[in-house]
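Here come two complexes built around subunit A, the first alongside subunit B, the second alongside subunit C.
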Partner chain A sequence: MFQYYFLLGLRGLRRNPALTALMVLTLAIGVAASISTLTILHVMSGNPLPHKNDRMFVPLVDNSSLSGYTPGNESGDKQLSYRDAVNFQNSKIGERRSVMYGVGGAIEPARKDIGAFSSQGLAAYRDFFPMFETPFLYGQPWSAADDAAGTDVIVLSRKLAEKLYGDSNPVGQRMTLMGFQFQITGVLDKWDPVPRIHRIIGSGAFGSEDSYFIPFTSAIRHQTAHNGSMSCSGNREPGFQGTLDSECTWMQFWFEMASDGQRAELQNYLDSYAQEQRKLGRLKRAAPNRLFSIDEWLVHLRVVGNDNKLSAWLAFGFLALCLVNTIGLLLAKFSVRASEVGIRRALGASRSDIFRQFFIETTVIGLAGGVLGLLLSFGALALIGMQSKQLTVAAHMDWVMLAMTFVLSVAAAILAGLLPTWRACQVTPAIQLKSQ
Partner chain B sequence: MEIRPILSALMRSKTGAILVAVQVALSLAILVNALHIVNVRQEVAARPSGVAAESEVFHLLARNLRPLGHNEELALQKRLAAAARAVPGVVSVAQVSQVPLSRSGSNSGFAASRKQENSSATAAVYITPDSLIKTWGLKLLEGRDFTPAEIVEIDQNVTEEFPPQVIVTRAMAEKIHPGGGSALGMPLFLGTGEGAQQLQVVGVVERLQSQGAEVGDKGEYSVLFPVRLTGDGDTLLTIRTEAGQRDRVMKEAEQAIRAATPDKLILRIRSLDDDRNTRYRADRALSWMLIAVSTLLLLVTASGIVGIASLWVTQRRKQIGVRRALGARRVDILRYFLTENFMITSVGVACGVLLALGLNQLLVSQLEMARLPPGYLLAGALVFWLLGVAAVYGPAWRAASISPATATRST
Partner chain C sequence: MLRMQNLNKVYRTHMIETHALRGFEIHVKQGEFVTVTGPSGSGKTSFLNIAGLLEEFTDGEYILDGVNVKGMNDNARSRLRNEKLGFIFQGFNLIPDLSLFDNVDVPLRYRGYNSAERRERIEDALAKVGLASRMKHYPAELSGGQQQRVAIARALAGSPKLLLADEPTGNLDTQMARGVMELLEDINAQGTTILMVTHDPELALRSQRNVHIIDGQVSDLVHKGPTLASSPAKAGSNTATA
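Here is the complex of A and B:
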């Protein structure tokens, strides 16, 4: 019986091709609009390390000067001073921890065919690699001894390694960075977490990947200037040492605890640390010391912009309109077939039979709209991706979204079809036949 | 007019009418808000930067690979600027610490008095040993440009004490001393508290956007310092060319700069137009999306009206035939459908206006969008009345063409 109704449905669609095409197209456009904006929202607000959400934390302390401070008025600063960051690093809290800051150094390749170029990198501790689960193609991170001594060692991104050394394994070789010789200890495999939670400040949640990683201690030893933002509330002596000694904030920090549920422990440490610093005459504001899990950090830094939310709202408003439109068109289509329903009813079809028949027909429309909507949303995502580099990263369809497209479009069509289908069932055979 | 019979006919079959009205209301609400946002974004992107004839300006950043001493770096900066000046087609060259719209550079806090605990404004800091008024064509409203004697050579690793002379933008002067006459000689301090440095405003320019070109007055808070700064190995030159010569000069300037020094340099060249495009890319992308959605909205709504109207025409063939047979003219039938549609559209428009206001309220409170001016509602209502008439005209004409004979004869 299902097959019969399915064929009937197909035939019904063929009867008025223009109207059918219009319905399928309307549904498809509405579905495509919502799916493409939803995909972007979904990718943007995604968490690349969901299993570590309750274990990894960003600490923030307010180290601005007391002048002009009213309690409850948060500074809005999202980075740490060198002093706080190094103190956190030297604490023995948590399983792993790493301070980091962006550096932009000139690379002078040994190959003569490539000129010198500047490239952005990250200065961090070795804990950075296991904490963010970076995949290694060759070699490994530098050692803890390298961290302690500030050795000139470097981990390259796959892209940079291929640019400098082709396909060969460069581990152990030396390269010139910022005028110093660095020894390569490892090469990362392709690594693009979206959003790039470790670099939202500096190069952006959807920015380009870091080309290399060097020990934080080595970067400081070479007085490597930071590549990113710095906010200074107090006075600062000139020169690099002046910056290190100042209360300027320009570093980011991540803690990883051994297991979930140790947030309170970390918060306690942070509070007692702030207490201790207050005794030394720092952190005078006594503002709350804050911890952010990965999800909280994404919200705090407003990774999903208002414009993205607006697009999604708009798309759903548009989908609602398309649905109302489809209801209208289906109503028009079914009402013309009142006589057909009358005859079928007179010949013994029950109301539920009629319901099933029209239900299947709307489902066929929903499926067609879904398939077309899927194709359209691939096109729309490609178009959106062309608008900016940031959106290129975010405009990727994944299987979850693919499944959602189908569910959404079919559900939408069925929802839209309910009222017209119900109306079609209300046809009274006697009256309908009499008027023939 | 025949409003009463239309009304009673409508009350008989409400579903279709409600569907049309809902469609009109939904699309009106979305359309006016979308177009308003497009307009706001376009206005933001069209704000002048203060630089005259932007398409004739580009910047060249030369990064030296090895650290140089203060004097070596000074010599290099002057050599590079001289090399750029010698390129044919170059009108003017200035060295500067940052450029407007580039989204990279530094800000500082300024205050109106030492007694303040918080700074009055955070302004973009343009540090230049040359005349930006000349190279960028900034419009001087008051006072004068820096004199060559005021330019100081400073190594930023030794001191950060700048000379007191500054040029500020009008927006900045207005922010520090609202409504207070001449900005020349007004008290202005770099930083806050007792240690703040007193500055002397020697000139006021009409406008110079900051590197971020933020929305609102903040985007025009800029302060110029007459300093030749060394210490980070970067030399940023901003270059004005003769009209239409920019692209050629950009290529030749790169070669000239490379030839000017045996040092290894990393060069980055960008036009001001590139910076402007990058700065407003997100706004443009959103605008295009909104325009695309608005167009689709109108199409979908029109198709909905056509669909429902066609349905009614089919359903009422018989009545139309009877009316025609009883003496109604074609134009009466046509008018019937147009009036009916106009009534439905009007209900939709009325609901749509309310919905648009509600949606705007939501956008203002949740997504920090701007408030909707009433003009948009009026324009939106007009658009949908016209759309309704245009969409229903086809089906109505078909209805009017129904001959009384065929309509009364069969089914």
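Here is the complex of A and C:
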């Protein structure tokens, strides 16, 4: 009977075409408004490494001075000092770990047709690449020995490699960065995680990609200035070494544990480490030492702003308004079908048969609304994407949201159709048949 | 085929109680052609609606083809209606945006027949009423008489035991009415029991038995000989009581 009811539903679309069109359009507009804002939220709050959510962590310890400290208050600091970051790096805790900080410097291409230009990159350990699952087009990350020695090696983004070397494989070649010669060990393929969880602080969750990656130890050896924010609560001696020796926070760190469920182990290490540093007189505050999973980190850094959430609520409010309108239109559409209900009841349809028929008909309307809503959503997302670079990155519909469009549309139609469908079932056949 | 005993139907609003049927008694045997007459408001339609399981009765007993329908839920009543009964209405009551084929198909869908059986039954039924060549047409393309023939085909397609007709010729001119009446008599001759409400005394005279209803009660019963002697089912009709 499903097929029969579905065909009747399709036929029903042709009945009262103006009313049907109005209903589908109302539903589609409501769905498009909701889906486009929801897509932005979905992409913004998405976790590019969901399978690692329970084993990748950002550690934070509070190394601020006691000045202005009230026990129980959490520090607003979201980065680490060089000393803590290096200590974590040397800790051997977890399967992978990498300190990182943003760097910027001039690139001097070997090609005469391209002048020198500045570009942003990231200083990290080789663990960074497998930890964030970066795809390689050519070559590979540098070695652990390069990390230890601070060798001048470099991994390029695909975009930078194509700019400097065209389509050829540049692995093994040397290039000039910040006045130093770096040997290319690898070229990343297109890698565009959204949000860019490793660079939320610095270039932003939806900022442009890093053009190159160099060993952290090499960057420190060359006294490469950081490209990003720094927070200092105590004194800092002048010069690069002064920054390294200070309690200024300017580095980010990620641990990757071997398996899920090792958070407590990492927390124990962090607490022990902080306790030890307190004994040494470095850490002054008895503040909690915090770990953040990827999802927690996104929330902590408020990647999804309140204005985005408000937009989504407003869009759903608009969808609710559209639903109320759809209910009215469905009531009108179904009320003129009372005679048909009477006839069908007389011919053997039970109330549940009538319910199924009208239920499937509203589902068909929902599907039609979903198709139109999807088209409108693509249009709305294109318009939203034009507003800013950040939104351009976020305004992309994936398969989940595409399916969500249909689910939302059908659910909305079914919700709107419940009252009209229930009323259709209550038709007294005897009265309808006599009034014909 | 149909037996009602001491059946009452009371319509209640918060102010008024209206007794549509009072102590109603009727017994229609298999194969009979019974007409029901009576003035407006006498309870004819209530009787027909209750007989057709479209309305519930207040109290009493109603046995349809050996099944006591009292207290049946909606699903069971609908199934019984679909399997045992066929309806013909004064206003034809075809679904306008379905073709003749699809209109006749409606009760068969609820019966759960497969596609091949439905097609066979639809084609047979439309052939019986002389409209086999127009099964792709829509009701609006037909005359009133033809529409009523489609309604009869729809009622017959499921091979009902009892055909309930509510003034089936009321909206037709004399010639069309005669044609429809002859068709009903043919159907009756093939063994289908017919219960027909009519205002037309001439049509009432053509049936085997006429039940006259006044104030919700059977006031008069006219026994006649079988109109179609060829039908063996008619023989029992003389002994029917009301």
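Just so it is clear, the second predicted complex is superposed on the first by the 379 of 436 C-alpha atoms of A that agree within 3 Å, B and C clash if a C-alpha of one lies under 4 Å from a C-alpha of the other, contacts with A are read in each partner's own complex, and residues count from 1 in each chain.
Operating definition for what follows: a residue touches a chain if its C-beta (ideal position, glycine included) is under 8 Å from a C-beta of that chain, and two chains touch if they have at least 3 such contacts.
The structure displayed is predicted, hence computed values, not measured ones.
Within the superposed three-chain model, A:1 lies in touch with subunit C and out of touch with subunit B [touch as defined at top]. Touch criterion met: A:179 reaches subunit B, while subunit C stays clear of it. When the shared chain is aligned, no partner comes close enough to touch A:47: not subunit B, not subunit C.
Of the two partner chains, subunit B is the only one that A:29 touches; subunit C does not reach it. By the touch criterion defined above, A:307 lies against subunit B but remains apart from subunit C after alignment on the C-alpha atoms of chain A. Taking subunit A as the reference, the larger set of touched residues comes from B, when subunit B and subunit C are compared.
Of the two partner chains, subunit C is the only one touched by A:345; subunit B is not.
Common to the subunit B and subunit C contact sets on subunit A are residues 436. Residue ranges of subunit B in contact with subunit A, taken from their complex: 15-16, 19-20, 22-23, 26-27, 29-30, 34, 37, 63, 65-67, 117-118, 156-160, 191-193, 195, 232, 264, 266, 281-282, 284-286, 288-290, 293, 296-297, 300-301, 303-304, 307-308, 310-311, 314-315, 359, 363, 366-369, 411.
Within the complex, the subunit A residues that touch subunit C are 1, 4, 11, 14-15, 339-340, 342-353, 428-430, 433-434, 436. Listed in rising order, the residues of subunit C touching subunit A in the complex are 45, 49, 52, 54-55, 74-75, 77-79, 81-83, 87, 89-95, 97, 106-107, 109-111, 154, 158, 166. Remark: subunit A residues 19, 22, 26, 29, 33, 67-68, 106, 108, 116-118, 179, 225, 235-236, 238-240, 305-307, 309-311, 313-315, 317-318, 320-322, 324-325, 327-329, 331-332, 335-336, 384, 387-388, 390-391, 419, 423, 435-436 touch subunit B in the complex.
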